[in-house]
Each structure stands twice: as structure tokens, then as C-alpha cells.
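Order of writing sets the chain letters: A, B and C. Residues in each chain are counted from 1.
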Amino acid sequence: MSTYAQPDGTLKGGRRSSPRSWRWSDRIVLVLAWAVGILLCAIAAGIVVYLAVQGIRYLSPTLVFSRPQTSASQAGSGGFLDPLLGTCMLALIGTAVAVPLAVCAALWIVEYGRPSWLARVVESTIEVIAGTPDIVIALFGLSVFELGVFAPLSFTSEKGGVFGQSLVIAGIMMSLLAIPPIFAASRDGLQQVPVHLREAAFALGKTRITTIRRVLLPRVRSNISTGVTLGISRIIGDTAIVLLLAGGTLRIETQGGVPVLNVLRGTTGSLTTYVYENSPAGEGGAPQKAYAAAFVLLMFVLVLNLTVERIGRRDAANSGAALTQGVV
Amino acid sequence: MGSETIFELQSARHLRDQSLSGAGVATPQAPVGETVPPVRTIVLDREPTPVRPPDERQAVRVVQETAGPERLALKSVGVSYAGKVAVRDVSLSIHQGEVLALIGPSGCGKTTLLRTLNRLTELTQSARRSGEILLDGEDIHDLVDTELRSRVSMVFQQPNPFPMSIFDNVAFALREQGRRKPGRRELEPQVIDALERAGLYEEVHGDLDRPALRLSGGQQQRLCIARAIAMRPEVLLMDEPCSALDPISTGVIEELIGELRRELAVVIVTHNLAQAHRVADKVAFMYLGDLVEYGSVRDVFEAPRAERTREYVQGAFG
Amino acid sequence: MRERLRKPWPDHRAERMLGAVSLLFAVFVLAMIVFVAVRAVPIFHYDGLSWLTGSGNLENQVSTMTNASVGARPSTYALSAWPIIYGTVITSVIAVAVGLVIAILASVYIVELAPERLRRVTVPVVRLLASVPSVIYGLIGVLVLVPFFNEHLITTGQQESVDNVVQLTGGGLGVASLILTIMITPIMIALICEALITVPVSWKEGAVALGLNPLRAIRSVHLRAIRPAIVAAAVLASARAVGEAIMISMVSGGKFFSPKPIDGLVFFYEPLRTLASTIVDFHEGLASPPLRASLYAFALLLLFAALFFSVAGYLIKLPLRRYQTRG
């Protein structure tokens, strides 16, 4: 009889006020909100699809696994193995430096945090670091590591001029990109650990530090993982620090003779600088290679995003919090 | 158990099992905002009072004396959430000039029934309703929901004034009526009138632009009442309006209800029996989704017919 | 000694250690300000604060600086950086203003309007848009949007109208603002969505019970209630917007020019540079002392702006977070 009747004879709902009877401004908002929602999905799909189409067209195993050559012609200019390795190494160093620092800070804030004004200062400085533009971080890194005292860390010229650039320096400064997400994720995770767990540990006579190591840290492992994944995502997406601090070179150039140190002290590029240089903005000329490298980069980012989602879903966390975690 | 025979018990249980849509044993479903006690702890050593077949409803009285015209008519109303029955086969009549109190222990479905009257149950996706509810003769589910709610207003358990000024709170619904937004000067007399009828105007008339959240609990609740009656609804639904308030504010609001009922029909859900006795003209006692007893306040409190009712009003459980 | 390290530390020592690490960050920010300021001193030394104005020709000044070497004449330190300050401001203002409107609409869509299945798609989409590297945005901008603007949007007539002053090549304010908007909107969406979810259900119920349709309830009650969060979102997005370097460098046309609104639609086709994109464009010239000082001066300005926005955003968010503590 009624359109709202259910098979068992009950009613689901009644007449709803239809948008046709709403005020004009409400109707406009309704349409615009839907339009924006669809538009965002379209843009994201557009970016991914476009890069996939262009990237796959030019991507080949030789590109990925061969080293770049300086050459006048496209055919001879090789692939992007070096930049790829550069990206990986930078991410590794950056994360390795960031995790202990960020987790220690989160632990201090949540477990101790005295005096409280100091805690707020620390939190706001991490927010400041999060909001600092990457080129400013790069310039700061330059100004610090140019000092003679850091010469062993950086690329030096024959005349002894300290450039303040090297792979390890770039990695260290990149950690600043990763620290805010790791800190925020760890802090939120620690705050969600119920108080009674800590109380139980103390009641058993454990010191705070043991409690932290044995009880708390294992529990927030997935939070830290989320933070680390987000941090890695930020690191591999950065261009400015690599350009200014790692030299932005096409190939990995080593410095000195010591086996591992020479790479660390040397210069490198990354996928991001490779894309930049090959686009019309850089040396230009090879948009195909740029597309291919960009596609690989985007795939990394997508995989990292999926990882964050999977960890988040496993946690069954609040969906609101899950959204902010990936973004701010 | 009085006059019940084994035969009646058996047939009643049979009827009860049949009326559930295949859900098996009746499990009381928690209406929104109430907790459900497990069945076993309430039923002592016997079955719950069986629902009497329609033609044998002795506990549900047909009351002749009414104060005003009938506003809401409920006919065999049932509500279920996700297949679990919350309200079963309730028929009532709500008149202007009267206060109807819905009483019963937690989880008996009184709040669900109240929220069905302004179709607020629709906010839950899985809600289903059976039976008829007529507002001045029209079926409420044929009315547009926004229009229905401007004629049947609600006040909630926790005062929930909006984060705006007092004036904006009361004018809130008035502003949303119609296509054009009325100006402040147009609305002022209506706002003041609503505040006066809610007994709040004297306390706040100095500064109507003060943020509403700065008022005390009792004042906030009266503000919510003013907000609800500003549109001159026909029925005012109140869901335990005083349970979050102190005794003095409670008294003020109970007095207010007494005055409001002259122009409206009031339905109030309360778990405070003394309050029901003070405030109500008619009382409906519900238990586990069934309407067990309905009548004037004197009849239900002083001469209850059903055993359950007697136990409840004498404080045995609830 | 090793024994001492291996046994679990007493609490006070652990607290001090962890506290020291945390303080490192504060020290770090201070060091950042100091080091960058020190490198920028030569510019202040020569120009005072007038380098913020546009009195000279920035194009010439920068090329003089690029060619200078150590021991250059003091006059090479002349700087009037207003065009790029203006460029930074205008791109950020447009991006934040447009992005905020889009973010509010998108948040209403996600929280209220979208059916469950669409919501489960849209949320990851927003996160994806936030994590796309800026160089990829720049790449698509320079290879797709800039040619599109150049070939399909800019007419010959418009080109000629500004021919005497500047050449329109497709890259400029329009492309830069457009992409910047897309880049910063996800940040705002995340913050606003989170705020919308924390609005008490009782308000929405109350509004619906008074006869409002759900969308109207959201507009009248929720959006008013989360006004601080909206401000925080705008502020934090501004920090991101002023700091964007690579993408802008790739699509903005790379000229020291201040787009003029008087020019009408052409305003959006005119090229520009921002503080951040200038640093990227000229980073190879850091060996030249005057240029290095200028770049550090720009960085100092950016640092202060970012500092201001981040602290302001943090202070605004602080009371909001108290309502969200769970567990």
C-alpha cells in the first residue's frame, strides 16, 4: 500500500521532506557538496590513471635497473636505478634517526610531561617542525653542516671547501619530516592505553621505564608503524631537501675510499629529483622518463597508503582519527 | 495471578510467540538511551504477566472523561529495531489539556514509544513500525517529517541548548519555517512569548544575547522547553525532562507542565513515580514492550488492576 | 659501567633522558631560527627592512647577485623582494580561500550525505590526495595543465594586451593556485571532518526534533559549533601553502612579476614567483654571497610565517582536543 511498507507489514519510515521543498540555499549546498565529493574522487582517479597510462607506456625493466648516464640523446641516458636507490637509502636513514627521537618525545610527553608548560612547549615545537617548509629545513641543514666541524660528514671539494651536502646529511634532515607523524601516532597510541594497565604494572613493583619497555611499547607497535609509514611517505615525496642537501645528482657519487662511508658522504639524487630534472622545469627533454619515474614513485606512495589503511583497519580505530592520521 | 487459568496462560504465551516476526523468544530490545536488564533477573519465579487478547483487556481502561479534543491516536503500535521488538501492540489516546505519563522500568519501551510519536525513531536505520498513529486524524507517516515535528515537539533528558545565544535558540525553529528568513524584529514578540510561557523570561529578559550554554541546568531545560513550544505545537513530548536536574528545578518544571497542558497535549516519560503522580492526568504503564495498564492517575496508582502494575507502583521493582 | 647501563634505569634518570630528548626539539627550532637569521644578516645589514618593498627591479638585482663572487661590492646586496612576497601571499590566499569552501562542502558530504559505500571510497581518496608528492603535482601541472592553458585558454588578444610587460606562456597564477588548492584541501577536510564527528549527537537530534531537515541542521548547528576548527584548518593549511616550493617552481612561469588584478582574466595567466620557488630556482647559486644572503632572508621570512601559522593553529586546536580524549 504505502511505499514504505516492508514485507512483514511494518513501515520503515514516513514521508521525508524532499529537497524540492527546501530553501534555495540548502538545495545549492546539497548539490555542491555532492559535486565536490565526486570531484575529489575524480581528481584522484585522474591523477592515478593518467600517471599509470603514461608511466606504463614508458616503463621497462631496463629503466628501473640500469644506471643513469649523462648523454645527449634519450636512448643513451639510461634508467633511474641510482635515484631509486637514493630514495630508498634516504628513507632508511631518515626513519632510523626519526623513530628513536619521536618515540622518546612521545613517551616523555605522555608518561611524564612535567612541568606541564614544558610539555606544551615541546608539543608546539613539534608542530612548528611539522609546519616548516622543506626548503627552509634544507637551507638550515646547509648552514649547519657547512661548519668545518661537520666536514667528515659531507661532500668536500678538493680544496677542502665543505659543501655541507651529502647523502647522510640529507637523511638526517629528512628525519625532521618523519618525526611529526611518528610522534603524533605514538602519542595517540600511548594515550589510548588504559590507565589500569600501567597501574597493574606499578602494583607489581615495576619501575616506569620497565613498564614502558615491556608493557606499553609492544602495545603501541601498530601506532608507531602507522606513524613510520606516514613518515616514509613524506620522505620519499620530498624534493627540496634532496636537491639542496643530497646534491641532486644524477648518479650516486662517492667521496673518499672507505667502503660504506664513501656512499654516505657522497651525493645522490632521488626519484623526485629525477622527475624534476627530466621535466621541462629541470634540464627538460625527457618527459617519458619523468613519467616512468613518477609512476614508480606514486606506486610506492599508494602501497604505503594501503599499509596505513590496513594497520588502521586492524586496529578498529575511530574512523575520524584514521582520516586525520594520514593527512595532518 | 488471580483469575488466570492454565488455559489462558498457555494461549497468551502462544499469542506472544506468534506476534514476533520469527525472532523466537521475546528479548527486550533496548530503546535508544535505555539499558536493558536481562529478562531472568526481573522475572521472579513466574512468567511475566501475559498480554491479554484484545477482547479481554481489563487493565487497559477506556476512559470517558477527557479534557480536550483528541490529538494523537495510537492504534496497535509496534516498534522494532533490527528485528527485536521494543514496543508491542500499544493503543492509546492523547488529548489536549491532559498530561499522559508513560511509566515503567528501564527497557520497557516507553522512550521508544515516545520517539515514535515524532518519528525520531527513523534516525535509526533498522527501525520498523507497525500500527497506526494519527495526528488530528492524519496518519503521521503521510505527513512530511519536518512538518510533523513542528506540530509534535520534543524535550530531551539532557538539556541540549545549541551553542548560540538565548534568543537564537528560541528563534531557531521559527527561523527555519517557510522560505524566507524572518528578521529579528519579527521574531522578537514570539520569542518573548515563548520564554514567558516557559517561565524563563523574568530570569533572562535582561540579556537575551547571552550564550545559552552559560545558563544553569534548570534554566537550560526551560530554555529547551521554550524552544520547543515557540512554534505552538499541538503535542509536547518530554523524555525524562527532570532526571538530570536538581529538585528545585524539577519542581519549577513540574509546575510549568501543569500550565502548559492547557494549550497542548503533553506526554511525559518518567521513571519517577512520585513525579508521575504529581504531574499526570493519565498514566500508561509499560513493561517489556507491552502496554500493561492505562487509565487515570488515580485509578492506576490507587486501584491498579494488573498484578505487575501493583508491584511497580508499590516499588517492588523498577 | 656497562652493568649500570644494562639494569633498568631508575625512574628519575629515565625521565631526565627522555626529557632531554624532548627538549632537543625546542633547541632545534631555536637553532633553526638563529642559523637562518645569521646567514640572512648581510641583507639586513645593507637594506635594513626595505628589502621587503618593491622599489628596485628584482630581476636585475638577482642576476647581479648570481654573477657576483666572494668579495663583491656592497651594492650587489640591494634587494627589493616585494614581487615574490606578493606572489606567495596571493597564491596562498586564493588556495586557502577556495580550498576552505571546498573542504567544508566535502566534509559535509563525507560526514552527512554520502552513503556508506561512497564514504568508504572518499576517505581514502582524501588521504591519497594528501600524500601525492608535490613533484608529481608539478609534473602533471607542467605537462598537462600548462600546455592546456597555453593552447586553449589564453587567446592571442590576451597575449598582446600584456606583451609589452610580460610574456604569457601558460604557466602562472592560475595553474599554480589551482594545484595548490588541490594540495592543501585534504588537510582541511581531515580537520573539519574530525571536528564534525565530535559535535554532540544531542544537538543534531534536537535540531531534527524541531523540524529541521538534516542538512539544515548541519548548517545551522554543526558549522557554527566547529568554527574554531575551521579557523585552525585554514591556518594550518596556510602554513603548508606558503611553504610549497617545487610544484610552484614547475608551473608558475618563473618570472619576477606581480600579477595585476586589473588585467582581468589575464591576471590568472600571468607568471610569478614565490619566496619558496625562488629559493628552489636559484639554489645552485648559493656560492655567491649576496645571493646566498638573499635566499636565507627569504627562508627567514618563510620560517616566521610558518612558525606563526603553526603555533596559532596549535593553540586553536588545543581546547578542541580536550573534548576528544577517549579511553
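Just so it is clear, a contact is a pair of C-beta atoms (placed from the backbone, for glycine too) under 8 Å apart; a residue touches a chain by one contact, two chains touch by 3 or more.
Treat the numbers as computed from the prediction; the structure is a model and nothing was measured.
Asker: Relative to chain A, which chain has the most distant C-alpha mean position?
Answerer: Chain B.
Asker: Looking at every pair of chains, which has the largest contact count?
Answerer: Going pair by pair, the biggest contact count turns up for A-C.
Asker: Hey, how far is the Cα centre of chain A from the one of chain C, in Å?
Answerer: Each chain's C-alpha centroid was found; their separation is 17 Å.
Asker: Just how far, in Å, is the C-alpha centre of chain B from the one of chain A?
Answerer: Centre-to-centre distance between chain A and chain B: 54 Å.
Asker: For chain B, which residues are shared contacts with two or more other chains?
Answerer: Counting only residues that touch two or more other chains, chain B contributes 146-148.
Asker: Find every residue in chain A that makes contact with two or more other chains and list them.
Answerer: Within chain A, the residues that touch at least two other chains are 17, 23.
Asker: If you look at chain C, which of its residues touch at least two other chains?
Answerer: Where chain C meets two or more other chains at a single residue, that happens at 213, 216.
Asker: Considering only the defined contacts, which chain A positions touch chain C in the complex?
Answerer: Of all residues in chain A, those touching chain C are 17, 22-23, 26, 29-30, 32-34, 36-37, 40-41, 43-44, 47-48, 50-51, 100-101, 104-105, 107-109, 111-112, 114, 118, 120-137, 139-140, 142-144, 179, 191-194, 207-210, 212-213, 230, 233-234, 236-240, 243-244, 272, 275-276, 279-281, 287, 290-291, 294, 297-298, 301-302, 304-305, 308-309, 318-324, 326-328.
Asker: What residues on chain C touch chain A, complex-wise?
Answerer: Those in contact with chain A are residues 8-11, 14-15, 17-19, 21-26, 28-29, 31-32, 35-36, 38-39, 102, 105-106, 108-110, 113-114, 118, 121-136, 138-140, 142-144, 182, 185-187, 189-191, 193-194, 197-198, 213, 215-216, 219, 236, 239-240, 242-246, 249-250, 276, 279-280, 283, 286, 295-296, 299, 302-303, 306-307, 309-311, 313-315, 318, 325-327.
Asker: Which residues of chain B touch chain C in the complex?
Answerer: Listed in rising order, the residues are 118, 120, 123, 146-150, 153-154, 156, 158, 160, 162-164, 172-173, 176-177, 224, 227-228, 231.
Asker: Which of the residues in chain C come into contact with chain B in the complex?
Answerer: Result: residues 200, 202-203, 205-213, 216, 220-221, 224-225 of chain C touch chain B.
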